[in-house]
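What follows is a set of structures for review.
Paired with subunit B in one complex and with subunit C in the other, subunit A is shared by the two complexes that follow.
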Partner chain A sequence: MSVQADPIALTDAASATVQPGGGSTGVRRKRRSLGLLRNRKALIGLIILAVFLVLAVIGPWIAPYDPNAVTRLSLEPPSAAHWLGTTNTGQDILSQLLVGTRGVMVVGLLAGILATFISVVVGVTAGFVGGLGDELLSLLSNVFLIIPALPLIIIVAALVPSAGGLTIALIIAATGWAWGSRVLRAQTLSLRKRDFVEAARANGEPMWRIIFFEIMPNLTAIIASGFIGTAIFAILSEVTLAFIGVTSISAWNWGTVLFWAQSSQALVLGAWWWFVPAGLCIAAVGTALTLINFGIDEFVNPRLRNTAASAGILRKKRIRARIGFTPVYRGAPSAAETRDALTTADALTPTDQEVGA
Partner chain B sequence: MTITEPTITRTATTKKPVLEIRDLSVDYGYDDDAVHALKNVNLTLGAGEILGLAGESGCGKSTLAYAATRLLPPPGVITGGEVLFTSSRDGHGGDLLRMSDRELRAQRWRDTAIVFQGSMNSLNPVYKIGKQLMDGIRAHEKMPAHAMRARAADLLSMVGISKDRLDSYPHQLSGGMRQRVMIAMALALEPEVVIMDEPTTALDVVMQRQIVEQIMDLKRDLGFSVIFITHDVSLLLELADRIAIMYAGNIVEDAASSEVYHQPRHPYTAGLLHSFPPLHGPRRELGGIPGSPPDLMALPSGCNFHPRCPFAFDACPKIDPALGPTLYGDAEPHRSVACLLHDPAVGPGRLPDELAARPAG
Partner chain C sequence: MKYFLRRVAFYLFTAWAAITLNFFIPRMLPGDPVHSLINKFQGRLSTDAIKSLYVLFGLDKHTTIWQDYITYWQNLLHGDLGISFTYFPTPVSEILAQALPWTLALVGFSTIIGFVLGTLAGIGLGWRRGTWADNLLPIANFFSAIPYFWLGLIAISALAVTVQVFPASGGYDPATVPGWSWEFISGAIYHGTLPALTIIISSISGWILGMRNMMVTVSSEDYVTVAQAKGLPERKVMFGYAARNAVLPSISGFALSLGFIVGGTLVAEMVFSYPGIGYMLFQAIGSKDYPLMQGAFLVVTISVLVASMIADFVYAFLDPRTRVEG
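Up next is the complex of A and B:
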């Protein structure tokens, strides 16, 4: 009996070692949950994005005017009544932007989610199964990789006159997943040969569990940044399409505002309030997503997380955490110690010469 | 075991120091709940000496070696002390902790080289080993290509690998050969200090033997000093001139290896020695050390070893002992120990029998 019990005990021990991050203290766990918020860049990005998401939800209700309502106040500069001025037909620009936020956000997030989903399924499967399946899936993603997205969208949108946000999002997702899929495939190829995956296989874990619980957590950073990249691409595509007038010019989004501004020669008329706010909104959303992207890698990588979480302390203490050149920190630089540091720096000079000699 | 006679002549302090570690402190983490992995560690490596660093896993052996070379990865940060390198050949050197990046990079490999733990994986699989050997030489010294190739061939034959292996890729060599290539590579620029971090851990005992003998031979021929990190104390007893035993980020005993073997003065050293069977001499009971190394986040008060120490007395939880002379003081001037049993002011004045073996002579 004891002979039989031994292998079981061994397997248990092995699976215990496979589980990543088993026993961490309460302090660590708290820091982990705050990780992304402690990163200043990511925090700024999240705040900006949150503002736009809230506007996407409540925008149509808080818009002070009907964005389509034509009035006699033609090309009014910003005033108390019209915070961002009016168009040449007297429409309120702030209302147009507020109403248009929802379309931009929905298309960006929807396309991002769809494209990320396809790229994960295709890329991870291709990388993990190998062989013929890999060949076929790689061929598929290569084909989609060379399809030029924007011209295709223009053609489809022209063929489907009622093409709304959903159609646009679907087309962007269908053309935008291939790059992420290739990156994920390459990373999966490298991961599936690692010891911890071998150990999982030796423990008898089923394939779906190895893919979703052993490999996927290692891909979080790539998946997340792929999502954000696709979302930025989708927003820019949608705005571009609206700007060149391919999609419906009556459905408001920031591109539609720019389309009307351009076709009414706002630039020539000097009506900067017509196109500058819409441009700034696009730039702000793009910046927010990029800032979040910066934070994600530090957040999901446990090795970087500690350093990332301490970014503020590092800045305050002026420690540069680098691999290969361990920082030396000799306490807070108070006035007296700064003087010490100066004198030691002087004392060091002869040593430097010795080194050179 | 070659150690049969307890000679106390091979001690370090008589030799010129090449690497002096003074009050080195290292934290993992940057804020108030950082782990203090090393606390004011002092260690001196003499010219031509093999210094062994031993202790259980997680006691700071590797941390000490990597901090002293500034190779500790984040979130490691050195919080104090100095690491003085002084060449025994021309006297150049300086404090590694105050060097600029450029000085440090120039100093690395030329003055101090490292053979990593499991370093057979440190070779880049896409380059031939000859190219990898010559790369380092090229970076530090100017010499024509054929001279460099001849030097690389010399290095290989020095570690017992035929020189036609220069054109092999790493995967064409066995693990032991790759390890020897790494040792050859570390010696390429004739460094004065070679740090070996468990270089034989992944190898079988026959290969271990070969590598250890190779290191001894090379050391005799080239005259470098070695810091040898391992948890295999029996290997150290044979290889090292001097052994520093570490526990919870402190050095608890620092003595010649024959003294460590025959006359351990610290209870922890005695425990380590009782964790493996002696190869000859009377059979002794394998005691081991009860418990496990302490959590560095929550160290016991006073002497960090006292909860596991069979000889702990009432002062142990209160006073943290510093590394100092043994109770026999002047009779053994070249060894030090951090234990309150050896403090005449606090301790009971006489040592337990196990720690009281007198030096012969």
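Up next is the complex of A and C:
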């Protein structure tokens, strides 16, 4: 029963209907076990993210210099000794970035986990309980959604003396949970009326079991994509806070590097090696997380699948991906399949013309 | 009509919640900021300012928190947001009133241009999915992950320092007198181009990606197939049938993402030293100017609420279903 709305099963069923009899059970099982990794976008995203996670762990150890060490090599451009050059006080920028990776990752993940937890509690409760409780919880999340988060984070962080990483993660989580909760509530609301939940209720399953074993497994994809969205938001917010100097300027993260670059006139001095790499790191992590999110989206919604990745294949097969049908490419294409897809589109035309006339 | 009343009630409630939050935040946090402030500004704070500080932070032990709250509202309704430390003894409301038009103009223009261009590009990309156009998606994706302020830094170093096409900072030509003269306005537009450009570039990709995915979803609906099969011109099917329905989530998303965009814009203002609310906030952070910080938060929040309300009403006008449901 619960298989029916399981996202993995759903996508499998969808592709199976488009191309019946494609592949044996063994093939299908293999595909399922590989899951998200089969998606090229998600795979690239996961690899980039893994690199940064490893750097977050080993960064302080492999950093060639002490990031705070002042030397006489002022504003050196990148060289063999200093791969990313030095600051105006002769500090090694590569070491600052490597040491700073941990701060960014820890706050991003921590805030992401906390915010996802709040959004699951609020969203699922609102969707499941309904009535007045739903109204109040939805109101709460809508209020948090519409109040601009960054100014709110700034005034809270500025008031807390010596705000460290944990405090920042807490503040970001407290303001960033609303979007996920809104999406989860909508999905729970639609799941609550499904047959398998009704059946579980008729069987006399207790409420906690219905929530945790019937509803929650079907929310996995949404929770995961909500977590990634919040992690992006958290990383951007944290770096921004460090850049404008709200948080401690002595703890290294990528925003701190940019803070010193901006306040030491790196732009006017043309010291591009000071501010370009930090921004590229932020963009790389952000892109990686977005790619994983796209992977999840395409995993859940087959209509979005095989559009970008297989543009070349479609062109080769002379299928013009346009309206009316969703081309699904799997394995070696057969001529018959192509013809099928085309005739389906053609077959529609006369009927529709009748309707039109 | 009932729908509109519900929405107005919601926005009033949100405004109340934001104002109350602003009141409670300094009271909930640990420490005594007033003492450290008085020490820091030794001799420069008048007794009036100290008194209003105590009211602001709720450290006046002689009154209950409820009385404080009433006083806070009374002050607020008289437009009294306290006195700034940075620009002592100018009231916060006066400083913000000067800064607000700059922010409104910058955010207003760049957000609307970004939304329109992004939506149009998304329509095109979604309609032509599975062609070369899909190669643009990873680029849009990359740009959506870049923080506004960093793009601002890059823009300054490329277009204001290396190639000196645009000014690196400020909001108008310092040689002109602010007013409705052509010299001043053209100078303001010239100074605003670079900040606006960075905001447009970093906000546009979100609209492109969202619109593209909606176009892909909508264009496999039956009514689009029917329109196509009837032999309607491609342009008409694209804009009149598919895009018209696909744009609805973008518009309802517009109201919700406004807070995020405005947050990014404030930081962009800091980078460009643009004389708006964001720059004031930046200076307030540097000098621990709490009244100015809180005033800036309130003004930004209320502006975002008004803009979201307008976007909501536009949505209700475009999609009759919302009006019926209410």
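In this text, the second predicted complex is superposed on the first by the 266 of 357 C-alpha atoms of A that agree within 3 Å, B and C clash if a C-alpha of one lies under 4 Å from a C-alpha of the other, contacts with A are read in each partner's own complex, and residues count from 1 in each chain.
The rule is simple: a residue touches a chain if its C-beta (ideal position, glycine included) is under 8 Å from a C-beta of that chain, and two chains touch if they have at least 3 such contacts.
The structure presented is a predicted model; accordingly, all values stated were derived computationally and were not measured.
K.L.:
Could you say whether A:125 touches subunit B, subunit C, both of them, or neither, answering first, second, both or neither?
P.N.:
neither
K.L.:
In the three-chain superposition, say which chain, subunit B or subunit C, touches more residues of subunit A.
P.N.:
When the residues of subunit A touched by each partner are counted, C comes out ahead.
K.L.:
Applying the touch criterion given at the start, work out whether A:275 contacts subunit B, subunit C, both or neither, answering first, second, both or neither.
P.N.:
In the superposed model, A:275 contacts subunit C only, not subunit B.
K.L.:
Find the residues of subunit A that appear in the contact set with subunit B and again in the contact set with subunit C.
P.N.:
Of subunit A, residues 307, 310, 314, 319, 321-327, 348, 352, 355 contact subunit B in one complex and subunit C in the other.
K.L.:
Mind pulling up the subunit A residues that touch subunit C in the complex?
P.N.:
Result: residues 139, 142-143, 145-152, 154-156, 158-161, 179, 232, 236, 239-240, 243-246, 258, 261-262, 267-268, 270, 272, 275-276, 278-279, 282-287, 289-291, 294, 297, 301, 303-304, 307-308, 310-311, 314-315, 319-327, 348-349, 352-353, 355-356 of subunit A touch subunit C.
K.L.:
Give every residue of subunit C touching subunit A within the complex, in rising order.
P.N.:
10, 13-14, 17-18, 21-22, 25-26, 29-31, 33, 127, 129-132, 134-135, 137, 141-142, 144-147, 149-151, 153-154, 156-157, 161-162, 168, 213, 216-217, 219-220, 224-226, 228-231, 237, 242, 255-256, 258-260, 262-264, 266-267, 270-271, 281-282, 285-286, 288, 290, 293-294, 296-297, 300-301, 304-305, 308
K.L.:
Applying the document's contact rule, which stretches of subunit B touch subunit A when the two form their complex?
P.N.:
29-31, 33, 66-67, 70-80, 91-95, 97-99, 101, 103-104, 106-107, 297
K.L.:
Mind pulling up the subunit A residues that touch subunit B in the complex?
P.N.:
25, 27, 306-307, 310, 313-314, 317, 319, 321-331, 344, 348, 351-352, 354-355, 357
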